[in-house]
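See structure below.
For reference, chains read A, B and C in written order, and residue numbers begin at 1 within each chain.
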Amino acid sequence: MTVTTAAAPVIASFEGNMEIKRIVEAILFAAKQPMTCKQIQQVFPELEQPELQEVQQAVAAITEDYQSRPIELKQVASGYRFQVRSELSRWVSRLFEEKPPKYSRALLETLAIIAYRQPVTRGDIEDIRGVGVSSSIIQTLQEREWIRVIGHKEVPGRPALLGTTKQFLDYFNITTLNELPTLQRLDLSLDGKPLSAGKE
Amino acid sequence: MTVTTAAAPVIASFEGNMEIKRIVEAILFAAKQPMTCKQIQQVFPELEQPELQEVQQAVAAITEDYQSRPIELKQVASGYRFQVRSELSRWVSRLFEEKPPKYSRALLETLAIIAYRQPVTRGDIEDIRGVGVSSSIIQTLQEREWIRVIGHKEVPGRPALLGTTKQFLDYFNITTLNELPTLQRLDLSLDGKPLSAGKE
Amino acid sequence: MENALEQAPAFAIVNGAPFNQLPEDLYIPPDALEVFLELFEGPLDLLLYLIKRQNLDIVNIPVAEITQQYIDYIQFMGLLNIELAAEYLVMAALLAEIKSRMLLPRRPDAEEEEDDPRATLIRRLQEYECIRNAADELDQLPRLEREVFVTEVDSSALAIEQHFPDLELKELLLAFQDVLKRVDQLSHHQITKEALSVRERMATILAKLEGENSLLFSQLFIRKEGRHGVVVSFLAILELSKERLIDIIQPEPFAQIRVSAASSAQVETETEHD
């Protein structure tokens, strides 16, 4: 096998403060949650805080450094986190004896409705699915911190309006709702005429 | 700041299989526990398992790669794991520091009773306060090393007798309990004269 | 499972007109049918299945036929004593209503179409289908614990400074004052220096006795403290005795008085580290 230098991070272009970059990298590795640049900045003691821009530069340089390594600094909804590159996940997944959780269709459909149609009430979800929504599904979604109550609808009973959280996006490895797959619809038609009144 | 290449892992000397090294690195990063070379080897599917020696070479090369980064691949008793370099501890530890909460009313009263009425049992404290004393309060005070068990009362159950410690006196910068303020002095201080015994 | 069922021999479709004399569904053994129903997430899901199966190249939704099939299913479930969610029956009623309205003569009114009950149903089916696909795609997305693995870098070895809340002596006194107020012990409105010395001496003596079999009475006094100190120690010993925390023993007349922690044989020494 030929020796290649591809895996060696090259940081020739980094003009920022080397020490700040080292600290930012250590913080990103040690954090148990994704971190925003603002949050990283605030880990520094008040009198030694770098400018936000310096943190951003450091993050960019670190991202660059790991370009050819088996892990990457990835931006998700609630900040940056180090994660194993997807092409290696098939190996890494063998590390864990426990099978990853499987989610039922009922849960996934409920989650999809909340994600694509938010804000929605429980009643809305039931209308779309045509069946009652079990409390345990809503509870599971809330415990996983994928959904939260984002307000109340001003109708009798003031039902809670549900929406998704940043943790939901983090879990699915994306930054914004826009990155969700686009909705594809089955075009049913009525007597040969497409139904144009359908909501989209 | 001068640009330095010190932080760029150099892997010129690695002669092993690059792909195996990448996988080993990914495994070490994803593992929640330290991993031995043997354990790493076994993460590979049976038919694709590298020789133990190859894994060892990879581990050595990875250790080398991270020589100048803020994290290191370190061998501990149960295997290898990535950890934050100790010289960055001062920065990273701030990630995990929490602002101390204020002591509760219940804790202050419990401590006051122990200080002014020692030796007292938990039952005594409950009698004086008229409510139960939670174990966590006693535990907090013991962890802070302000109180300790100084004996046992010879009644059924042999309850512990609690008293204050030398650390308690040190904290308040007094040498004996006699220097604890009395209620009379409190009355004085409420008339405008500050309590001299207060810590600072 | 679902796939297998979808691959079941399809109806013949002749010029878009479905050939549905033989509902082969009814040949599915009852056990399979039960499992089959469990695959459905509700009446909309079941309806979509029926529609998709029947209209491989749909241009038209034959409500009447779908209704018939749906009701066949429901009835068959009933025969098998499979408990159905109420929603399935509500849908059956809705379909029956639509079907009966379809039997009425149509007016060639433009307005009529908006009122077409089929349109509402079809829109709901569309919306549901759309969500069903979205749920499938969501399930396919790479996600944490399955395809995405975050790095675990140990930081437990780092020295993390523990911060304790600050406390001022004044707060302690105020807390004690509150306690006293609450118990309404007017006689305790002042803590005299003397009383406190006695309490402290009690603690000191107990600590001294701990781990010892017994001490000479005289060992509990410190000569250099003078008369005041002796009085305080003596009061402390009396108080401890009264509270039965110590035993005062004189083995024989005129022998030296010894003091021990109450039943010192059992006193645990685990607590003393100072």
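Just so we're on the same page, a contact is a pair of C-beta atoms (placed from the backbone, for glycine too) under 8 Å apart; a residue touches a chain by one contact, two chains touch by 3 or more.
Keep in mind that this is a model prediction, so the values were computed, not measured.
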Problem - Most centrally placed chain, judged by C-alpha centres - result: C
Completion exercise
Maximum distance between Cα centroids and subunit C occurs for chain B
Handout entry: Averaged-CA centre spacing for the pair subunit C and subunit A, given as whole angstrom
Key = 23
Handout entry: Inter-centroid spacing, subunit B versus subunit A (mean Cα positions, whole Å)
Key = 31
Completion exercise
So, in whole Å, the Cα centroid of subunit B is separated from that of subunit C by 27
Handout entry: subunit B: positions in contact with at least two other chains
Key = 26, 29-31, 71, 82, 84, 92, 95
Practice task
Name the residues of subunit C that each touch 2 or more other chains.
Solution key: 149-151, 153, 155, 158
Exercise for the section: Would you mind writing out the residues of subunit B in touch with subunit A in their complex? Expected result: 1, 3-5, 7-18, 21-23, 25-27, 29-31, 43-45, 65, 69-71, 82, 84-85, 88, 91-92, 94-95
Handout entry: subunit C residues within the subunit A interface of the complex
Key = 41-45, 48, 51-52, 58-61, 85, 87, 91, 113, 116, 118-119, 122-139, 141-151, 153, 155, 158
Problem - subunit C-touching residues of subunit A, taken from the complex the two chains share - result: 29-30, 71, 81-84, 86, 89, 92-93, 96, 100-101, 103, 105-106, 108-109, 111-113, 115-116, 127-132, 170-174, 180-181, 183-192, 195, 197-199
Problem - Residues on subunit C engaged by subunit B in the complex (per definition of touch) - result: 149-155, 157-161, 163-180, 182-183, 189-193, 196-197, 199-200, 202-203, 206-207, 209-210, 243-245, 261-263, 266-268, 271-274
